[in-house]
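Right, I'll just put the structure down here and ask away after.
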Amino acid sequence: MSTTPLRVTVWGENVHEQVEQHVADRYPDGMHGAIAAGVRENLPDAVVRTATMDQPEHGLTDEVLEQTDVLTWWGHAAHADVDDAVVERVHRHVLAGMGLLVLHSGHWSKIFGKLMGTTCTLRWRSEHDRELVWTVNPQHPITRGVPNPIVIPEQEMYGEYFDVPTPDELIFISGFTGGEVFRSGMTYRRGFGKIFFFSPGDQDFPVYFHPDVRRVISNGVEWARPERERATPTLLRYDLGEYFDGKDYAGPIDEPVEA
Amino acid sequence: MSTTPLRVTVWGENVHEQVEQHVADRYPDGMHGAIAAGVRENLPDAVVRTATMDQPEHGLTDEVLEQTDVLTWWGHAAHADVDDAVVERVHRHVLAGMGLLVLHSGHWSKIFGKLMGTTCTLRWRSEHDRELVWTVNPQHPITRGVPNPIVIPEQEMYGEYFDVPTPDELIFISGFTGGEVFRSGMTYRRGFGKIFFFSPGDQDFPVYFHPDVRRVISNGVEWARPERERATPTLLRYDLGEYFDGKDYAGPIDEPVEA
Amino acid sequence: MSTTPLRVTVWGENVHEQVEQHVADRYPDGMHGAIAAGVRENLPDAVVRTATMDQPEHGLTDEVLEQTDVLTWWGHAAHADVDDAVVERVHRHVLAGMGLLVLHSGHWSKIFGKLMGTTCTLRWRSEHDRELVWTVNPQHPITRGVPNPIVIPEQEMYGEYFDVPTPDELIFISGFTGGEVFRSGMTYRRGFGKIFFFSPGDQDFPVYFHPDVRRVISNGVEWARPERERATPTLLRYDLGEYFDGKDYAGPIDEPVEA
Amino acid sequence: MSTTPLRVTVWGENVHEQVEQHVADRYPDGMHGAIAAGVRENLPDAVVRTATMDQPEHGLTDEVLEQTDVLTWWGHAAHADVDDAVVERVHRHVLAGMGLLVLHSGHWSKIFGKLMGTTCTLRWRSEHDRELVWTVNPQHPITRGVPNPIVIPEQEMYGEYFDVPTPDELIFISGFTGGEVFRSGMTYRRGFGKIFFFSPGDQDFPVYFHPDVRRVISNGVEWARPERERATPTLLRYDLGEYFDGKDYAGPIDEPVEA
């Protein structure tokens, strides 16, 4: 395994913190600041930086993404304001191998929708439900070191039907005070990139200070680290008996009929 | 199960047939014509119509799609020319429950890419390889009535790595003369819609006259039939203790800070 | 699809009904009687019979199993008393194509353990929890016609971690009063047989009279119907270029060394 | 992650090497010796030992298994002679968390059958086919450092239908000279244990000296390492509101009726 430090970029929309005083009080360093602190705490050797929507190109230039092994994404109030060109760029980097963690309300972000191909809608309520996060895949490295269940005293409720593709791995299922359930931890592979969706975390509750939530996010970041050099899957032609030297695509029509 | 007839729309790009004489000779009623004939042969009670790219709105108006239980898609030379608005419309209908079969070179169509979220690239060669289509899920209704393997004397080679999400169900794997392998029959669920990708079929070979290929496509059409009334997954808020009466989304910010 | 009637055998342990008066009162025709009535109600064309443990060979002779398309299994108090020879026989028929529904406490039966390869243990409590059964796979035929969620006013709690293999399809997740969650509807394919595990149902509560529970069981029975003639997967040798005429295994050692 | 060395036990049946001269010549240290050498080569920090069938308790006492993080299993000629008590013991350790690699003809071993619940049969031919091992899951750590495809000049052919459960992850698919295909690399989770099946490897060909095959086996060993302390999944009762202090099972009948 690589001995170079893991490079993590924590992206935060950083809007609630600016317009809602109670969020600013709860997350004095921003929600991205709390998430980044949790990763640093659990992965002291990782290089963790933050980026926010108000920066040029939302802080996600090609240069930043090239130097990012794993990107975490939290957004909510301003999904629609995220620049489509940045979404395209992040999508391209994920397919080429960059790891991605989509957190909580990131379920409705442009980038998650583009990777999933579905509406990513769900049922919800923000009324102080207790959330219990149950492990259903105890052999998975993302579950390392957390109790079963993780108890989150107050949380927004997210419930089924959650309109996403069947995950590659279902890791956590949450149960709420109201009796709702939610597939709260799931992995996906898209292109050469690994994706982990984890739903606990909200602007209205101090969930990103919860030690078990921080541990899961950090485990997820480690898990999503790429195994290979970044490269984009490409359509190539191979001669009979030739397996390694592919040729670029030259178009669909071999023998056009004379006009 | 429903007693109303299954309504199938076979969509064909219909370009090779116009510009390559050998394709026109091979498929005198168009490739869509051959595919539709195969479905009619195997599902005599189904109502099967065709639609092609040269028709207004590519023959896929909202009215047509509303009356379509399952759509099959074959395209190749003109993927880029398919109107984005039509792609959006087909996507919306699939998420709302319409079944979709993506055939052969349809792997690189806009609609398949939008539903998968990946590049959908692969390795290929059109040099008269023999294709053997092996069943790896013999309990699946899509495999009903076909031998293991299906023998296709001449075919374009499609090989791995095929950049698509892990399927919900892997049903067929093909092996080619050159030793390449391909996940040639896979199902996906997106939104309320069922999707079957099946790779055998090409403009350069008479594959859509092969009785086993016709049988698989017909089985797939039957399998993809919707189970429910068409409806789009929607984000709704539910009160504590209320499970059936959801309320529309009213925006992300509950208590805006005074400017 | 077959036009012959679907043949269902509902197997009941029939012990609680004999030794606990409250169960006898709740299920005057036995639990198997209630389950069979629910299937008959929803699938009027099916031929439904029952079999119980106290019958010779537990009512599951080879002749009965040969004439059974789908077997449903409910057991609890007497798992250990089920004859191993009968378990072997049922196992063989499932691998050869017979459908199997494993209901509620059947999770700890010998036949389920043998098919799963795991301990099939879980957490539980029988204290009048309410169970909400949430659909997470709304395109699946097993969900046809039931509300989301199904509300069961009183039930035994079954919770995670449920030690079973990752299912082929996760269809229902239940949430309980206590906040526990459970993968309550799952499909598996083993050999040529289709298996549906569905957990709602208990001797202490009248769950098998619940119309939605009866509907799901009936949907499951329909889904598990075999697609093929019964046949056991077999190891066969094929010559190069020969795909359909396999030869029986003749042992592992080709050329024994002279002593 | 753990900093203690990974402890690997390579189990070999060691029968062909004793009764077939050509196998003894090909594998002078036994097949288990070649496999162990490949793991040592790729994982120099691991502690690798071997065990064989002719040892007391086949070399797999409880003490050995307790000190084994990952066990690899190769058997063929003498599957039936493996002691059922040893099979039970290995099964118990896998469910409690020990990793297991099942190699090649181990597909028909008692332990694999017990974990899978199916016949584990396939089609085969030992006639110098070339095997190409294609990666279909390039983000998986087991694929690290090997080409796509891995080229094995001569191999026994294993073909579909391979009667095993749908894997948790499909990693490799092989194609053979004859056109057959085979799911040759698959992962499963059973209990708390991780299992990797990998088919390349045979007594008739020097496959366990192939550097890519050795690399895959070593990657698999690393991947199968347990994440947790060994513990067996257990059925426990939890009071309402109590999540961590479960009580042992006390039997199925609460209130026996007076005789």
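Read from first to last, the chains carry the letters A, B, C and D; within each, the first residue is number 1.
Here is the rule we use: contacts are C-beta pairs under 8 Å (C-beta built on N, C-alpha and C of every residue); 3 or more make two chains touch, one makes a residue touch a chain.
As the structure is a computational prediction, the values presented were derived from the model and not from experiment.
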| item | value |
| --- | --- |
| Target chain C, source chain B, minimum contact steps | 1 |
| A-D against C-D, pair bridged by the larger set of C-beta contacts | C-D |
| Rounded Å distance, chain B centre to chain D centre (Cα mean) | 37 |
| Inter-chain centre distance, chain C versus chain D - centres from mean C-alpha coordinates, in Å | 28 |
| CA centroid of chain A to CA centroid of chain D, Å | 32 |
| Contacts with two or more other chains, residues of chain B listed in rising order | 132, 137-138, 149, 159, 161, 166, 168-169, 177, 179-180, 189, 243 |
| Chain A residues touching chain D - in the complex, by the definition given at the top | 97, 132, 137-141, 143-144, 147, 149, 151, 168-169, 189, 192-194, 226-228, 243-244 |
| Parts of chain D lying in touch with chain B, wherever the complex brings them together | 130, 132, 134-138, 148-149, 159-162, 166, 169-170, 173-177, 179-181, 183 |
| Residue ranges of chain D in contact with chain C within the complex | 16, 19-22, 76-77, 95, 105, 108, 114-119, 121-127, 129, 157, 159, 161, 163, 165-166, 168, 177-180, 188-191, 232-241, 243, 246, 252-257 |
